[in-house]
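Right after this note come the structures.
Shared between the two complexes below is chain A, which has chain B as its partner in the first and chain C in the second.
Up next is the complex of A and B:
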């Protein structure tokens, strides 16, 4: 197996992700000649944007600190081994609710966290783009939901999302490109519970194939999605947007860690310093895009502080790194008499968004959805041990019920709070860069939402005669915020086009720009924003509104 | 207790289409770990770690080849590969483990005048319960919080090692590696012929026969 120590995307070619051992041609750009866009990160935000900008005719080099995998030959069916997909560089966590990072929420691979994401592909509820004016909490986005609705459709097509014929909530949406997947028993438990409580449910829209697509086969229900899909059914950025990006002339530099962004005396970005094969390099660029996800993005901006920008780049508002939002990820678990075997199939085949769309009967702002679950043994064992404190024979007894356990788990909205933040520690990582300190605490509203969800999901499990029911009350998932978009330079870092207020040729295009998170998984929205940003950049370029350095 | 999945051995699928080459290489390396090999722990730490693993995961007495938990943890600590985040209340994992193992021995000596590995099972359990609840206070912990170390480091690492091993998968009836074959039967009470058969009371023999055909 490839030992991931030296880059693969070199000498005019990149790995062909669809064929073991094969290559596809890749254009390369010299470092000393400015490219139109240097993009830091190739995940949901950066990878999508790289594709769209290249297709619009711009010269693009996209950097990723992680390796360039060929899933068919590099991925094993093994939880421990596949930790090679996770961002496991040093980070410090603190606050009242210290976050679990690594496996749980950040990837370090070409394709970003989508290489090991769970493929749940949901649209925001339209009102969330104006949650202050329409729902009375947090802040408004500078985006209009109708425009986003069109970009969501573009992304759903690009990923051939499989979904139900009729989606029970929100305004009409086009039919999902591919048919829904068959439900596993864990999903049927969710459905039975929802029906017993009189609320709607649906097969989850998922970015994994329910029919063949080009060289990729349909999902085989092996259930190992969150450790990487070794069959290529999963429609990650690695196998969707990036092959298109290469074909359109983008260059991807793998195992290339960007350490800082350089600027000139006029305060415009001039390129990026990056480490590859143990040496520092400099790539000149007319525009720089940061898309490293909600921890690495603010870290890079802060680590790029200079005499002119002593508090870090794009930080005149003081908000870089602030308003970090996770999503609450609490669960209720129980044991069924029937065999469930939830390790089969994608982990979250059924969902209810009832509490995202219902506004009555809530003692909190925001919403949550909940989905069926399929934890693999290590995740399940450590959940029993660290969340319930089980060990010894008690643990082994509980684990014996593995094939009978069921769970319902939320993706819940948390409110933006400035005290939840990413700052720099004095410790340094293997590249010599200061490492991030991530501080997090739930607020009272977040706690009320969690309590509501746990009560409700317990009823749903009781309604299907689950027994030995218990609450897992402290998990979180996803990372957003830390460089929010807005209409006002004093209260946001970028504008609606993901363009920094302070430095007009610096852009941020990833989960960091979310002003609020809503109660759905974020990647479809991140990719839709990236598509919109690319179109806006094209329009601005045509009007001569891009800066030249 | 009777076995839930009599005769089921996930390794019987090793040569089937449920495993790809990459998976075979990874699992072979893991099942080939020498249970006595250690490079991170010194002798005292090694004894304490082994005793601790026996307590957290009491493996069935009739299991001929035990999961080499202590050696797996020693290997992880020696490699320095972390989880990608460190709770600000804990030092780096290698330092936390060294401190923690020494402190557990110190507590054992203080309470029973013997190192942890020489305690009886009851004494070990008693001491671990106190550590889990934070009811110990020897100086040896320095600034390590005993309860945090127990939950976030000790349990996390030992339990992760155990459920990374095929023996544990056979025990809980997990299908194990599943690429490229995957699964077909997803509904309640349905199993593919290459999944573990669960014994219902009185029908253990039938499950055993089915499990012998898994491959």
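Up next is the complex of A and C:
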């Protein structure tokens, strides 16, 4: 039995995610010969980019601190056991609203957080790419929505996203590759509430299969999604982009924690130092891509500080680690007389993006969507105890209602603020690396958005005769920002191509590059950016614009 | 009744299969002089139609059995199609073994009941669709109670009624029109409906396997050709229609195989049969195509018979 602490992707083979106990061939690269790209992180950003770059003919080694799972045999329907998917290394949190890190926002696995994400696959509202000029708040992205629209389509195809035939909001989009899933009772409650309040709703576009795809089984609606899907219905990076990456000749090094990025006297990156099986190694590379997600990415850049770059790599703007944005994740819960069993099926089967697209009737900037919910029992019990303060008989009584409870939960936009940041503490982790300190506080605009959403969702639950309604007012999800892209080197860390202004062969390709977050879950946008970046790199290479170290 | 019923029914079933084979071989025997077959007596055609009804009601019995079991028989009425389709199946089997060229009042009554239940079921299923949030929308057409299922029961009933009418040899007309043509029209419409149902569900499955296109290509062609025979006389169209119907009947069998493969692609495959048979694709659905195709072939026999008798051309 594999003990989950020794690497699996070794000796020219990697785990076959589609067959228990099986392997697929994997190309391997020597450490002392520079590969075209060393990529740190194999999640939504890094995994997608590794695939696309390998398919474009580059030599690629992608590192991940987490293990290489075979979902069919490694995942149990057990919340406690599956915490093995989360990034639970020590981190310090502070600020007015200290974040709860781990389960709900970061993963440590080959495939990144997408291995336990909730599969909601949404496009940005086009105006958000220019929220300063079009909507009057925060900053513009250096990207054009029409170009992103094309890359969104590419990702939706790659993930066989199942979605509605007509999306009620925004400009036309191509048909989703797979049809929507059947709605569970919790989703129908959202739908009834929305219809009662006169707003649109739709089955949620989800990256889980509503029909078979190759060796991946269709969804079985057991609702274990956020603890890892054991059927491979979930179209995580692990089962979509990475098998393609291997086939195209990329190497994936699992259980390989990158500790720092090395550079030469000219200030160009030369490779990465990483720890695997208790030893430090060095992989030479012509380009380095950082894709460790919005906390580990700035941490690695800061931890790589040198005499030449004393404030960390790519940090001449001073913005590495700054503008951390979560998304607000508040909910309104209630009890229905009829049985709901909200945990059946993917947790968020119905959605309304009404408040992402409506601009009137708001006392805040930005937007939010809200979705139906299906919390698993331990999470639900913990929520009742910690958020609602129930204990003893009261807690037991509330848990008896588990099959009747319903909830609506937002993914809300928060504004970028420099005071929300990732810095280094002096404490060190098991690898001997300085651990991150994550500081976070909502601003007044964020709070007004949350208050608006709680009021509205309460009305929606009242409209369907839910009772015992209460607000869960302090949850957050998704981490973004901390290495924003922009047009100006003094106010951003990377350009539109995810290339660092300071070090032209250093790239950042993950949720860190978001200048704003919008009111939708981020992974589709991260993967679309990765696809675009790969195409841009290919074009630059053809024109001889990639630097050689 | 001297002959053993089982042997007789097997003969009708065999005859139906031979009909399929015949319609195929006729097409693939180039140069052969056009075979003019001796038209069949009404009793035989009637029994063939009983066979069609049997297939359709079997489909309905198995399908609504699975689906309503899956729906936990939440509403008492969900038992009704099971009872009625079982009775229709029994009546049809009785019809198959009953060599007398005469209708039977019990069969006739049961077929009437089947048609009525089918029509009522259609109403219930339609209501189930429009009352849900989203109302008449794709998501409800995909997942609310299927419209096609009660229609299959309706068709089993209607075909059964026609079977009874054509058994009475002299009744070569239905509602004042030649029986073959009425049956042809009913069958074409039935095929069109069944194609719509298969098309909808295969669209729901994103046509992820190219085989899923077969039932939206072959049966519509057959239904179209069958409908054409109503307006155009001539052997070419009729033979093409026979070929199409033969292939459609075959597809009903092949479809079960495809669906069995589909079941195997669910998590756990056939080892987890107790869940995956419910999960679909539905094994009993494709045979409705065979049932309807056989009815179409029966309609063509009637047309041929009527032609001989001077009704037509």
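We take it that the second predicted complex is superposed on the first by the 548 of 549 C-alpha atoms of A that agree within 3 Å, B and C clash if a C-alpha of one lies under 4 Å from a C-alpha of the other, contacts with A are read in each partner's own complex, and residues count from 1 in each chain.
One rule holds in what follows: a contact is a pair of C-beta atoms (placed from the backbone, for glycine too) under 8 Å apart; a residue touches a chain by one contact, two chains touch by 3 or more.
Note that the coordinates shown come from a computational prediction; the quantities given were computed from them, not determined experimentally.
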item: Joint occupancy of chain A by chain B and chain C, clash or fit; value: fit
item: C-alpha centroid angle, chain C to chain B via chain A, nearest 10°; value: 90
item: Dominant contact partner of chain A by residue count, chain C or chain B; value: B
item: Partner chain in contact with A:153 - chain B first, chain C second, else both or neither; value: neither
item: Partner chain in contact with A:203 - chain B first, chain C second, else both or neither; value: second
item: Partner chain in contact with A:103 - chain B first, chain C second, else both or neither; value: first
item: Touched partner set for A:423, first chain B, second chain C, both or neither; value: neither
item: Which superposed partner A:165 touches (first chain B, second chain C, both, neither); value: second
item: Touching partner for A:188 - first (chain B), second (chain C), both, neither; value: both
item: Contacts of A:220 with chain B and chain C, given as first, second, both or neither; value: both
item: Which superposed partner A:231 touches (first chain B, second chain C, both, neither); value: both
item: Chain B versus chain C as contact partner of A:211, first or second or both or neither; value: second
item: After superposition on chain A, the shortest CA separation from chain B to chain C (Å); value: 6
item: Common ground on chain A, meaning residues reached by chain C in one complex and by chain B in the other; value: 182-183, 188, 220, 231
item: Contact footprint of chain B on chain A as seen in their complex; value: 1, 73-81, 83, 86-94, 98-103, 106, 182-185, 188, 219-224, 230-231, 338-341, 343-345, 376-378, 380-382, 384-386, 389, 391-393, 395-396, 399-400, 402-403, 437-438
item: Chain C contact footprint on chain A (complex, rising order); value: 160, 164-166, 177-180, 182-183, 188, 191-192, 194-195, 201, 203, 210-213, 217-218, 220, 231, 233
item: In the complex with chain A, residue positions of chain C that touch it; value: 132-134, 138-139, 142-143, 203-206, 208-209, 262, 265-267, 279
item: Chain A contact footprint on chain B (complex, rising order); value: 4, 18-20, 22-23, 25-27, 30, 55-58, 81-89, 125, 128, 132, 151-152, 155-156, 159-160, 162-164, 168-169, 171-184, 186-191, 195-196, 198
